[in-house]
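Read through the structures below before going on.
Note that chain A is present in both complexes that follow, paired respectively with chain B and with chain C.
And now, the complex of A and B:
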């Protein structure tokens, strides 16, 4: 499993400019977009946080989303290029391949988020323990995202269709959540969508966990829903992955 | 020893491999010879447990591939027909990944990668990303995986496709030295010279069926005695076909590519060639070239399958 996980982490950094550029975009968005918008959002609209703090913590979830969800695209590419056949010919068990890919995607997410944590820590008063706890929540959420990404990518056989579906789903899940804006700013119909969206629970729990030592309570419900999402998406994604492996990808 | 017993694989309605039974001895190079679509790659994929057989069994050293796939995979390695490399990683990192997955000790890994890449004239390209390599270089890296791994059973699927002549010779030598070190080699190829040079024994596959099996020499011995003449004719090939077909001296005629080339099977070329030439000239046909050959594996393949590779 270590070798599969290692490949995912290693290949992630071969795209150094891509990773760096994405991080820079998020930083700029926080510094410019969120900073300007924070003047327009009335105090109290996002709880005890300012909008700038709210956005900085939400952008951690967005970054993780892109990095981890995209492991599905890699799995799709492995299948199409024959690399999966190669992996299956190696003395590695099928479950190690599946677990390795999921963990690889999660680590990619965490690695992407790490530089953004520096910015978040500057903007949001927190403790090292709170950061570690929020990383734990994000890691679990990333596992679920990997499962979701694998699930979607393996359900579609045509590359363009898979890419479009992935882009569409990513946008819908992020934009209809509380990652970027608070639920009170949404129309009622979107609030309903946001409440059914796992990204909302991940964003809310990260915000609460990061600042809970300052008086916020532990978001038990939010974390539970993140755990349920990770278990469900991870299980279905792994099941689809193992089904494809056992059926033989070249059939 | 590798044993295939009544191995069958069907894809929906297509029978890719049909009731294949075969034994490959320890330390030999066994060649699977056949055109594209004959079932060679499918057979090898089942051996590596990438594909599940529809029926039948494969055993490697008495271990059933279906029951203990991971144990079997720890004994073997495969170099695929189409190179399978991570295009984002360098040549060296691709080989390191393979060595790590095969649990090669760290010091051995480094030393073997260096030695193999140097042997294949690729040491200077070690830091290049695999995606930037030419087709031939990718193929060499694919083969290099097994040269680094030195598995107990090494499977090569068309190991010298896309390679230039010097590289082909190097790869052949290395496959032979793998065998000398004790590896059992399974080689799928549709190149006669490769099969003849490397294989101790050959299996001829056609449309998923094993048509014949034996050493290259014994397979050639099974052919009807005689010689092979290849003639390039300028002019109407149809009338030449009709005319030569009526000659009792000509046992069989096969039209080749280019379309005005014919392969004739005759008893003795020395006595029959002048008669054939005379007859063609009489018919007003010009002969551009004539080659007299000993029967080759090409002819063996034709004999058993009725097809030309």
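And now, the complex of A and C:
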């Protein structure tokens, strides 16, 4: 499992320029886009936070989303290139391969988000314990995203279709969630969509956990939904992955 | 004869690149999805959150200009791939005039931007209503000038830098252009130094003129001048760079 996990993290960061550029874009979105718009968002519109703080914490979820969800694309490519055949010829059990891929996707998501964590910690002063707890929530969410990414990529046979479906789902899930704007700003039809969107619960729980102080309430519902999402998506993704291994990578 | 060959070469290469671009429906669809989700979710929600008058309309125009940027500026990827793979020498083997070939490349990038923005513009009109006849002229003129300007800028980068520097340079120029422009936020919200930079930004000029076309703000001569000057500068740089590349190949 460690071998599969290590390879996934390494191959992701081999494209250092791509990862660095995406991180730079998210940082610029926070320090320029959100900073400027923060002046035009009335106080109290995003709860106790300013829009800049709200955006900085939401961008962590966005960053993790891109890094972890893309594990599905990697699994797809491995199937196409025959790398899965090679993995299966190694003395590694199938369940270890599946768990390794999901953990690899989650770890690389967390590693990608670390620079943004530093920025968020500067903008939203909090305790080390809160940061650790929010990292835990993000890790669980990233596990679910890996399952979702694998599920989507393996449900489609043609590469162009898989890429388009992934793009569409990513954009819809991120933009119809509370990662970038609060639910109160959305029109009613979008609020309904946001309530069905796991990214919303991950974003809300990260914000609540990060600014948690004694006396404030623990976001039990949000965290429970993130856990359910991770369990469901992870299980279905792993089941599909294992079914594909059984059927042979080229089928 | 020479003028006819110039025009023929220009049209053939522009047509070839134009069709090649739209032969890949995935790219077009990706850009379209990006725009639609941006408009339907992002602009709608931020429009209700931000206390800037008509911010939804403001952002829709900004996203339309971003669509032109994504197609016309990124046309440079076609040219930079050709430079890297040495494919350009095959183009030289064709019975084409070099000047026509060069101008054809600029026009192809611009045509892609214009064709793609037609879809976005239809959406913007559906959201904001039909502009006045003068506004329509301003919008169409801006789209043509901005497409040529951004396509030339992309081509200038693709032909003036070493292959390994093309991607980082285009990314840096792109980020600088987008984040210091008025695509997402009006100038009165920007900090002072950024406001000054945004005045000379070609994306700001394009977005401001298009907003003026839709009646969201006053048309400004400064924006029109800025767009024209940048178009000329980038046009000359791109033609010079591409011509030099062709000359180096023999």
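Here is the rule we go by: the second predicted complex is superposed on the first by the 247 of 251 C-alpha atoms of A that agree within 3 Å, B and C clash if a C-alpha of one lies under 4 Å from a C-alpha of the other, contacts with A are read in each partner's own complex, and residues count from 1 in each chain.
Following the convention adopted for this analysis, contacts are C-beta pairs under 8 Å (C-beta built on N, C-alpha and C of every residue); 3 or more make two chains touch, one makes a residue touch a chain.
A quick note: this is a predicted structure, and the numbers were derived from the prediction, not measured.
Trainee: Which partner does A:15 reach: the first (chain B), the second (chain C), both, or neither?
Mentor: First partner only.
Trainee: Thinking of the overlay built on chain A, is A:3 touched by chain B (first), by chain C (second), by both, or by neither?
Mentor: Touch partner of A:3: chain B, not chain C.
Trainee: Would you sort A:163 into first (chain B), second (chain C), both or neither based on which partner it touches?
Mentor: The second partner, chain C, only.
Trainee: Report for A:82: first if it touches chain B alone, second if chain C alone, otherwise both or neither.
Mentor: Touch status of A:82: first partner only.
Trainee: Chain A residues in contact: does chain B have more, or chain C?
Mentor: In the superposed model, C touches more residues of chain A.
Trainee: Touching A:40 in the superposition: chain B (first), chain C (second), both, neither?
Mentor: The answer is second: A:40 touches chain C but not chain B.
Trainee: Quick check on my understanding: which residues of chain A belong to both its chain B contact set and its chain C contact set?
Mentor: Common to the two interfaces on chain A: nothing.
Trainee: Which of the residues in chain B come into contact with chain A in the complex?
Mentor: The touching residues are 11, 45, 48-52, 70, 73-74, 76-78, 80, 82, 84, 86, 88-89, 93, 97-98, 100-103, 129.
Trainee: Can you name the residues of chain A that touch chain C in the complex?
Mentor: 17, 21, 24-25, 28, 32-33, 36-37, 39-42, 45-46, 51, 160, 163-164, 167-168, 171-172, 175-176, 180-182, 185-187, 190
Trainee: In the complex of these two chains, what residues of chain C are touching chain A?
Mentor: 26, 29-30, 33-34, 37-38, 41-42, 44-46, 48-52, 55, 167-168, 171, 175, 179, 184-185, 189-191, 194
Trainee: Using the touch definition up top, name the residues of chain A that touch chain B in the complex.
Mentor: For chain A paired with chain B, touching residues are 3, 6-7, 10-11, 14-15, 81-83, 85-86, 88-93, 246, 248, 250-251.
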